[in-house]
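Note that the chains are named A, B and C in the order they appear, and that numbering of residues resets to 1 at the start of each chain.
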Amino acid sequence: MTVTTASTSGDTLEPRPDLVTLTIDGVETSVPKGTLIIRAAEQLGVAVPRFCDHPLLDPVAACRMCLIEVEGMPKPQPACAVTCSDGMVVKTQMTSAVAGEAQRSVMEFLLINHPLDCPICDKGGECPLQNQAMTSGQGDTRFDGPKRTFPKPINLSAQVLLDRERCVSCARCTRFAEQIAGDPFIELLERGSQQQVGIADDVPFNSYYSGNTIQICPVGALTSAMYRFRSRPFDLASTPTACEHCASGCSLRTDSRRNAVMRRLAAVDPEVNEEWNCDKGRFAFRYLESDRRLTSPLVREGGELRPASWDEALVAAANGLKTADGKTGTVTGGRLMVEDAYAFSVFTRRVLGTNDIDFRPKGSSPEEEQFLAARVAGRGLGPTYADLEGAPAVLLVAFEPEDESPIVLLRLRKAAKAGTRVLAVAPAASRGLAKLDGTWIPSVPGSEATALQNLAPDVVDLFGQAGAVVLVGERAAASPGLLTAVGELCDRTGAALGWVPRRAGDRGALDAGLLPTLLPGGRPVADAAARVDTAAIWGAAEVPETAGRDLPTMLKAVEDREISALLMAGVQLDDLPDGAEAALRAAEFVVVLDTHDHAVVQFADVVFPVAAAPEKAGSFVNWEGRVRPSSQPLRTSLMTDARVLSVLGAEMGVAGLESDPVALMAQLEEFSGWEGARVSPPSVAGAPPDPGPGLLLATWRPLLEATHLQSGEPYLAATARAQEVWLSTGEARELGASEGDMITVTGASGSVTAPLVLAEVAAGAVVVTGNAHRALGASGVRVQVAVEGQG
Amino acid sequence: MPLTPVLSAHWDEADSYTLDGYRRHGGYDALALAFAKQPDDVIQLVKDSGLRGRGGAGFPTGMKWGFVPQGDGKPHYLVVNADESEPGACKDVPLMLANPHSLVEGVVIASYAIRANHAFIYIRGEVPHAIRRVASAVREAYAAGLLGQNILGSGFDLEVTVHAGAGAYICGEETALLDSLEGFRGQPRLKPPFPAVAGLYASPTVVNNVETIASVPSIVTNGADWYTSYGSEKSPGVKLFAVSGHVERPGIFEAPMGTTMRELLEWAGGMRKGHRLKFWVPGGSSVPLLTEEHLDVPYTYEDIAAAGSMLGTGTPMVFDETTSVTRAVTRWLEFYKHESCGKCTPCREGTYWLVDLLRRLESGVGSDDDITRINEVSAQIAGRSFCALGDAAATPFPGAMKYFADEIALGTHTAASDLYDPVAATVLAGVNA
Amino acid sequence: MPSFLDPIAGFGVTFTTMFRKVTTEEYPEERKPMMPRFHGRHVLNRYSDGLERCIGCELCAWACPADAIYVEGAANTDEERFSPGERYGRVYQINYLRCIFCGMCLEACPTRALTMSHEYELADNNRADLIFEKQDLLAPMSSGMVAPPHAMASGTTEQNYYAGEFDRPEDSAAPTGTAEESR
C-alpha cells in the first residue's frame, strides 16, 4: 500500500490499474481493488471497532459496530462490508460525528442484553467487547429494564461451552465452522433477542477445529471446559512456540502461569497456519503434568529400575554403550526437535561410530528410505502452503489431511474454494475429501501404485500445469511401489512433490540425517565427498562409511546378536514393528531418553529424563521444510536430549559435543545447499495385493486418540470421533448389513466392532476408522467382516 | 374517482379462481400477445407503463427486470413474493384466493421477459387456503399447457414451483426470502450483490410482489398508455386498496392511484356508527400514521410522502377514537420484536428495548425520560439496521408522537386501558355492556 | 529577672509538662479503637448462610499495586459449592510482606468479598507465615452459618445473593470487631 500525502510530491508514483484511491479521514490512500474499507483504514492506523468482522471470514455486516460515514451515501455504512472505490471519501469515528454516534449507539444496544458478569468471565481482561465498550461506548447505560437471560453454560461439545446470554450474535463461530473448517455443526437458532448458537439435538460440535471458535469469539460466550476459570489474562506469560503434535507446523502462543501451561492459542502466521490451529495442538498439553513424567535418571539393578544420580546413570550408560563397541543402534521417535535429532545424528556417528540409525516408525520400507533420501531430505522449503493455495490441482496420495495434518486440510479447503482441484488416491472417499470438493480415485490398499500409473490422461494433464502439487503421506511407505510411482508421476508431469509425515519431528529428523544411508542435509553416506564434508563440519576425523541398518533390520540384528545395544529416544512401543518386544528383550543394553514412563522404558537399562517440547527452546521442521522456532515457556531442571548426549559423549570420551540449540541449528545450517550426489530414487515395482478371502483393511491414525501426548485432557478426548466401519453399499448388501449395524472386523491379531457407515469405498476394501492398527494390523492386510454376532 | 376493477373485476363470480372462470374474461390472452413480442420489448412495455412494485418499496418494475444481465449463461429465476405478513396488509392473499390465474399468467409473461425458465411463488405459510388455490391454479395451467414445455407453441419453457414459507415476517424481505427458499434460515443477505445479479442459487433473480406480477397481463393486453392513463405521472395505474379497521365495510377496493382516503372511506361505508376517525395508516404498520387532515391527500407515492408518510402496501388501517395510540404502537413494536430475525444489533436489541419502554407507557408507569428514550432509540435504529425491518420498527413511534404527543405523555401516570377501554375498540364493544 | 532564678527557669518546660495530660498509649495492655476506615488486615466475607462471597475473579490481584495477592479460581459444582454462582476462589493468598494496605483491592472487589479489618498486628519472625492463606483470611463462622461446601438456599439463584438478600444485618452496621467490614 502506498500513502500519498502532499509531502511526497517529489515522488512520481506510477498509477497502478489495480489500485483505487480514496480518502479516509482526510488522508488519501491507494489500496488494491476489492479492499474493504475497514482494512484500508487499518492500514492507515485507524481502528474501526468491530465484532463480526474477521479478515479470514466472509463479511456479514451483522453487528453494525463498524458503521462509518461515506460521502454521498445517505446512511452510515458498515466498513467491514463495503469495498473501497475510486474517489470515495470515508469518514470514520475519528472525523465523523455521525459515525461516532452510530458506533456508540450500537455499542449501547450490544450491552443492554449482555450480562455484567465480567468478573467471572474467562474473556474478562482480553475481551474485544470490554475494550471497545471503553473506546467506543459511553460510561453509562440508559437501559434500565430487565436483561434477557438464559440458563448458564451449555455444552456445544465436551470441550466447548456456550454462555448464551453473553453472545452478541456476531456469527464468527458459525461462519468459521462453515466457511473455514467445513464442519457446520453449529448454527444460529431462534430469532430476535432469543437468537442463540446451537447444535443439532443429536450431533455435538465435534470438529477438529472447534477450539478456534473460542479464540475468535469476541465476547466470553464460547469458553473451553479445559481453561474455564483457570487464570486471567494478566496472570499469563505468553511465549511463541511451535506445535509439537504434527508436521503442519502451527505457530502457537503458549500462555503459562507459575510455570504451568494454562492454555495454548493459535498464533497468527499467514505463511503457515494463518490464524487457526487444531484442537489437538490447542488442548493437548496436560501430558506435561502427567504423573508418569520421568524426573530423575533410572538404572537397572537386580532386574528393577531404580532412581539414580546423574553421575551414576551417565557412567552406567557410558559403560554399557562402550561395551557394545559400535554394535549399537539408534532409534528415535517423532517428538524430537530438529536440534535434538541432529545431536542424535552426530552422537551416533561420532560417539557410537555407526550409521545404524532410523527415525521412522513401523511401516517404513527401504523404498521409503530411498525416496526420502533422494527427493525430500535437505531439499529446503517447498512446496509450501502458499503453493497449495495457488495450485491448479493437488493430488493426495495415502494422505488423509484432516487426520494427519489438519492445517493442510484448512489450506486445501481455502484453495478448493478458490478453484483448486483436489484429487485423492485413496481406499475411500472420506468426509475430509468431501470438504475439499475433491475427486476420488479409488484404489484398494496395496494397489495405489497401479492406480497412479493408470491415471486418466486428463488427470495427468492436470498435473502438467504449472504449480500443481502432489502430496504424499507417510503411509505410502507401506504400499510397495507407491513412492516410486509418486516420484515418477512428478518427474513425468513436473508437479511439485510434498511429503507430509504425521509427526512434528519427522521432517527435522530426515534433514538431520537420521537414516542409515543419509548424513545431514541430504548427503548420502555412500558419497565420499559427503562424508569428508560432514567430518569437516563436525571436526571429526571421519564418518563411518558403511551404510547402517534401518529399524526392522536393526531389530532383527539385535535378535541375531549382531547389535547388542540400543539407544532410543521418544519411541513408543506402538511405533515399533510387531515383535519388537522380543528384540528389546534380547538386547543386552538399552538406553532410553524420554519424557514419560511408558512401555519402552520398561526395557531400558538406563533411562535419562529429558525436557519436553514446552520446556526447551528449539525448533521443528514442518512438512514444507520450514523451520518452526519455538521458545521456552516453562522452566525446568531437566536437560534436553542434546545436552544429555553431550555429557554422555564426554563420559564416553568424545568431549565438546555441541548442545546449545542455537549452535546446533547454526551447524545444521552449514549442511544446507548440498549440490553433490544424492541417493538415487527408488525403483520398486508395485505388488498388487494377493487375492484372498476377506477384504483389504484400510485404516489410518485419527487426529485424536489415546496417546500419551494427549493424556490428561478428558474434554479433548471426549470430542474424538467414534470408531466406524465403512463399507461400500455393494459389500454391505452382500453382508446383509445396513447403516448403523454393528460390524465385527477380524484380523490376524484381534478384532474391532464398530457401527457400519455406508460410504464410497473401493471394491474389495473395508475402512476401519480410528486407531484400528493395534487390533487389526496395518492397511493392506486381509480381514474378515461380519455383522456382530454372526459369521 | 370511480372504482376501476381490473384484477378484481370478476371476484364476485363463483368460479373466478378457476381456469375456466379466468378464461371467460379473456384470461391468458395476454400470454399470446407477450409471446408475439421480443422479451426486451415486454420489458420496455412494462417500463413504459410505469408499473411500480406493489410490495411496499415502489421500485419501478420494468427497471428491475432490465437489471437482469442477459446472455450470461446462467439460469435466471423469477420469484414471486407472496409472503404478505405486514400488519394491516391484506391484498395479496385475497388476490391469490380469488384470481390466482392472473398471477400465474403474470409469472409466465415476466419469466418470458427476463428469460427465466423456473419461477417460484413463495407464499406465506399461515395462509394454506391461498397456497391451495395457487397450487391448484398452477396445476390447471400445467394441464392446459400454459406452463411446462413449449408454452402455447412459443418454444418457451417454464416450470413453476409453489413454496410455502414457515412463518417469518423477515422472509418478506427479498434476500431473506431467497435464503429461505434455498432451504436456509431466513435472514437478509448482504447487498451487493443484488438479487438481479446473484440471487436465488447465486443466479440472476427478480423478486416481485404478487400484485405487481398479477398486474402485468392487463398491461400487456391494454398497453402502457392505458395503464398510464390512470394515476399520476410518477404513480401510474390502478391498485388494490385494502381498507381495514374501524370502518363499516372493510374490504378491497381497486381504484386508480391518486384516489384519496376520503373516497376509500366512503366506499368502505364510513367510520363505525357513532365513531369518528382518530388516525389512519396508509400502507401497513411500517409507515408513519396520518390523521383526519390528510384524508384528501391523493394516494400516490409522491403525495403521501409529502404528507410525511409512505404509500407502502397501499392498505390503509383506520382507527377511531376508541383506540389508544400508545397501545397500537406497542402492539406494532411487539410484532417487530417478535419478528426481528436477530441478525443485526440495532434491530435485535433495539426492538427489545423499545417494547420494554413502550409497555411501561402503556401500563401508565412510564416517565418523560422513557418518551425521550423511545424517540432516541428509534433514531438509533433507523438507518443503521441491516435491512428495512429495523427501519420499519423505528417508524411508528416518532410518527405517532407527531400528532399524539399529549396522549402518549399520559402514559407517565395513567394506563392506556384506563383511558381507552380495550374492548371498546373491538367488535365486542357493547356486547356485554 | 534575678540571675539566681535562671537554673529554675530552665525547668519551665519540664514543670509545665508534668501537669499536662499524658499521651502515652498503654499498648499492648490497652488498645485504642481505630478510626472506622482504618486499613487493617483483610477479611474474606461470607453470606449469612456461610457461603463465601469471593468468586475468584482475581480483580483484587489485578488491582494490587504491590502484587501481594494471588488467586486461583475454580468452578463450583452442584456437589461442592463454596460460593453462589459458577466460580469461587480456590486459592486465595495475601502476602503481608508486600501489602501496602492501600485498599485498592477492596475497590476492585465486585462482591464485597474483600474488606479490611482493624487488625494491625502483623509481625512475625519468618516470611512464610506472613503469606495468609484463604483459611486465615476467611471471616469466622457466626451463628446461622453453615461451613461450605453446601448448596445455595433452596429456590434461590446467585442473583438473590448478589442482590443482598443474604447479607448479614451487621454487615451494614458500624464496624466493631476484627472480622467486620470496616469501609
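Things worth noting here:
Going forward, a contact is a pair of C-beta atoms (placed from the backbone, for glycine too) under 8 Å apart; a residue touches a chain by one contact, two chains touch by 3 or more.
Computed from a predicted model, the values in this text were never measured in an experiment.
Taken pairwise by the contact criterion, the protein chains link up end to end in a single open path, with no chain closing the loop.
Taking the mean of C-alpha positions as each chain's centre, the chain lying farthest from the centre of chain C is B.
Just to note, of A-B and A-C, the chains joined by more C-beta pairs in contact are A-B. For the pair chain B and chain C, the distance between mean C-alpha positions equals 68 Å.
Computed centre separation for the pair chain A/chain B is 55 angstrom, with centres defined by C-alpha atoms.
Inter-chain spacing, taken between the CA centroids of chain A and chain C, is 51 Å.
The part of chain C that touches chain A in the complex is made up of residues 55-59, 61-62, 72-75, 85-87, 110-111.
Within the complex formed with chain C, the chain A residues making contact are 119-120, 124-125, 152-153, 228-232, 234-235.
If you check the complex, the residues on chain A that touch chain B are 59-65, 67, 74-76, 81, 102, 105-106, 108-110, 112-113, 142-143, 145-146, 148, 168-169, 187-188, 190-195. Chain contact summary for the complex, chain B toward chain A: residues 168, 170, 185, 190, 337-346, 348-353, 356-357, 373, 376, 380, 383-386.
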